[in-house]
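Next, two complexes with chain A in common: one pairs it with chain B, the other with chain C.
Our next item is the complex of A and B:
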């Protein structure tokens, strides 16, 4: 009993800190969404009635889904190469995947702007190769946002997928070939299902993180394509519609919590498959 | 599927891992429909040989031939061999039934045919009730039986088994050994089995290959290996043996005399040189009654003894032959064993065999 008390005492400062600086503001935001400008469910009603709100949510979900899918595909391919590489090569690959994480997201967004704009390296390169006539609109639209976000998210996709791949017993893959499966069949019938828990975890992680993206869409979207985070900022700071901004923020927090609940289920699936048990 | 079993030949097969020769210049043949067992202590290269036959490990030298055709470079899935891996290697995401159906599925068999075959295989290994479980929910022995069923279900012409029964309890193992032998007789396929259980090797196989340090020491029928081991290692590894080393004297037609201190032993066969090493099985030594005579007689006293149910194992201390191990049936035993009891041992000239010392391990 006394021992337990001691543990709680040790946890108390962290608990107080979390409450004061994390939980309390969130609860306040939640409260504002019900009280401003008039008490009631008025703000939430707009979810169903206001086309502008619906458009923002639609844009956000679409961009996040596309980003997640592309990040997963690229992340899976990268993780596959890393999992099969020799230990030495693996270290270099991992370094290559992780280094971008240390570069400021702001720097990366501006770097993409210079690369993708009409007179940027990509368009000029393609034009001088004769691949395109007129420059492509690669930035200040959804394409630009997706490119920037995918670049940011691929490492987050690689790590859980790689974790699942490295748990796969190579003898099981050998057994599959010994039983008559070609390399392709081994991949689709054995390797892919066994790495699926990692894929699911990566999907959740990437999707949740992309939902809250602010800087990348703000810069690469050029103010024309609004995603949720920027829209909230616009409501609160520029239009001083606190209630509406807080409502969307609350909706996002709840969505993420629900997704996390599903996510923990997915992680448990791994146990069920006997992968890590 | 056609009843054509495969004939397999290994030609000067070798595998090096850095400086270590896991398999060293092994040549052997397996006839169509034969049951060959690779027997040897841990690390002797059994699994490595099997992996080279299956195509998972690339030989450093030599060739694998199937019906006279060189298959050394053929990928494993094109060899069409059934295989049970050491450690089972079941698919963790598939149920027992799906595991067993896997080789049928990749061969494009229809659902109905698949289900019938899976059911037959499940019955064969007595796992009919567990079809819907996942491997993680099975005991080690049950997993092993699933692996066996999965290897058998597509009627492969050559079956490779890497210690398929090692995790089973004694009774189940005996049952499955019986089943395996019956199966081999029934389907007439070629089997290559790996074990370090010498009883399993002797009772199941048409032919046994003894390996040590990656080298093939001797290959032959079980009885021939047991009765005429070529080297000290084979004699000691298959069953137990006494070893008697001495100087060769009086070479005569069909036999010679061996001198160990003051003791003279008469032995059949030709001596290998000035010195000879004999392997003498404990069950071939008799306890002589007072006045009874034998070609070879050695006196000593019992230094220790064990009761084994069916018999006794005696350690007899002798002046010139060291400690000699003797077994005798317990029922109506000629003596009641007791430590210190003086006994006389006797055996005929053809009881022991001349064996070679093994070449030094690398």
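Our next item is the complex of A and C:
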């Protein structure tokens, strides 16, 4: 134990920084949600009584679900092709998936605005092709938000799915084929069930990340479609209603932690945050 | 992993379409930034570097770039120092006793930054750290720690613990063992963590929107104001520079991984 003392000391800087400058501010948000404007559960009561709060939660959940479903579908197709590709091709595919992952959210939102707005490149292109008469409303509404959010989330969906797919023993697939199963049967009866843990992990990851999205919805939603994060900002910076903002923030954190808690019983979390990553 | 089992045509098409969707917005920005027009559009007659020139000539943009750079550098230093030491401690001590510490270090990846941002807004107000260089460095540094902890832990997982025991057994102190035996082996992991911590701070906007206003004005903040106020092609030029920087850093990380895996 004495010998270990030096090693424990190594944890101190990170632990102190984290506690003083990360944990403390977050716990304070939790505290504010119970104490302001008056002590008690008043803020949480609004969850049941205030239609504005309910509308924001509804919008957020709807957009998050749609985003998660589309990201999973696209991510699964990508992961499937990557998993079955030759090692050389696989490297290129992975590069194509990983590069967008690290490009600034802000830059991407800006790029989407350039592409999707009324006089944007997509509308101009479609009009000059004669495909549409009037420009389509692709941005500053829910469609724009979903396009931008799915763009952000697809790489997150691909990684856990690909991880699960690569653990599948190819001999199992060959055996199924050899025993006379059609390609469809091999996929639905063998491949899909074996990759399901990855699919579940991806769903969880994507859903959790989308819940707290701020920048993409704020820019591509154009202030008309309010999601939770932007609503919280509005309460605190513009309306100075700390209690209400802190309440929704706390609900968000608790939801995420509960989802993770339930999920960690089903799938090994190390796969997500990884010894590897 | 073929075994006579290849994806069908529809899935292949969907995968290609998705890849295109992922890459299109990032690549379309390059021609837009080279436009000869005064508004956001593709070049009409010729390519022009005028928007890059106006960017470099603008003191506001230059100031924002410098501020972002120094903040990212300082917060990376903080994250690397704290994160590396923490990963080392967790690695050497038993898994069970450091479980809580590990979980704590990963929190910033799980909790949405909007929640942290409003918390900090209030917290820093009392500490007089709002709109201060130090405040933003602390916020970015602390949230950069997870990236370092993850990459260094990965590097340590591949390190033979007996080397450390041998060094200690031959009388090396803890600091000597760290300096001469462990650090050289995990240096690529540390550098990798530094790269991600740097990108994290360089791109970070949500926290800055809350805890900085006039004195501290980072590049993302400037871009944010630009998107909300006037969409001019200079923004596309900034976007290209940002994408370029991220690509360079990612390639550096890739090279590091190659070198490590030998």
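We adopt the following convention: the second predicted complex is superposed on the first by the 255 of 277 C-alpha atoms of A that agree within 3 Å, B and C clash if a C-alpha of one lies under 4 Å from a C-alpha of the other, contacts with A are read in each partner's own complex, and residues count from 1 in each chain.
Heads up, the rule we're going with is that a contact is a pair of C-beta atoms (placed from the backbone, for glycine too) under 8 Å apart; a residue touches a chain by one contact, two chains touch by 3 or more.
Source: prediction; values computed, not measured.
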item: Chain C versus chain B on the shared chain A, clash or fit after superposition; value: fit
item: A:24 touches, of chain B and chain C: first, second, both or neither?; value: second
item: Which superposed partner A:45 touches (first chain B, second chain C, both, neither); value: neither
item: Chain B versus chain C as contact partner of A:11, first or second or both or neither; value: second
item: Chain B versus chain C, judged by how many residues of chain A each one touches; value: C
item: Touched partner set for A:229, first chain B, second chain C, both or neither; value: second
item: Which of chain B and chain C A:171 touches, first, second, both or neither; value: both
item: A:181 touches, of chain B and chain C: first, second, both or neither?; value: first
item: Partner chain in contact with A:84 - chain B first, chain C second, else both or neither; value: second
item: Which superposed partner A:193 touches (first chain B, second chain C, both, neither); value: first
item: Chain C versus chain B - closest C-alpha approach in the superposed model, Å; value: 6
item: Residues of chain A contacting chain B in one complex and chain C in the other; value: 171, 174, 177, 273-275, 277
item: Residue ranges of chain B touching chain A (in the complex, touch as defined); value: 54-56, 75-77, 80-83, 85, 87, 89-93, 102-103, 105-107, 134-137, 150-151, 154
item: Interfacial residue positions of chain A with respect to chain C in the complex; value: 4, 6-11, 13-15, 17-19, 21-26, 28-29, 32, 74-75, 77-78, 80-84, 86, 93, 96-100, 102-115, 121, 151, 154-155, 166, 168, 170-171, 173-174, 177, 183, 186, 208, 211-215, 219, 229, 232-233, 236-237, 242, 245-246, 249-250, 252-253, 256-257, 260, 273-277
item: Residues on chain C engaged by chain A in the complex (per definition of touch); value: 1-8, 11-12, 14-15, 18-19, 21-26, 28-29, 32, 40-42, 78, 81-83, 85-86, 88-90, 92-93, 98, 101, 104-116, 118-123, 138-139, 141-143, 145, 149-151, 153-154, 157, 174, 199, 202-203, 205-206, 209-210, 220, 223-224, 227-228, 231, 235-236, 239, 242-243, 246-247, 250
item: Contact set on chain A toward chain B in their complex; value: 169, 171-172, 174-182, 185, 189-190, 193-194, 273-275, 277
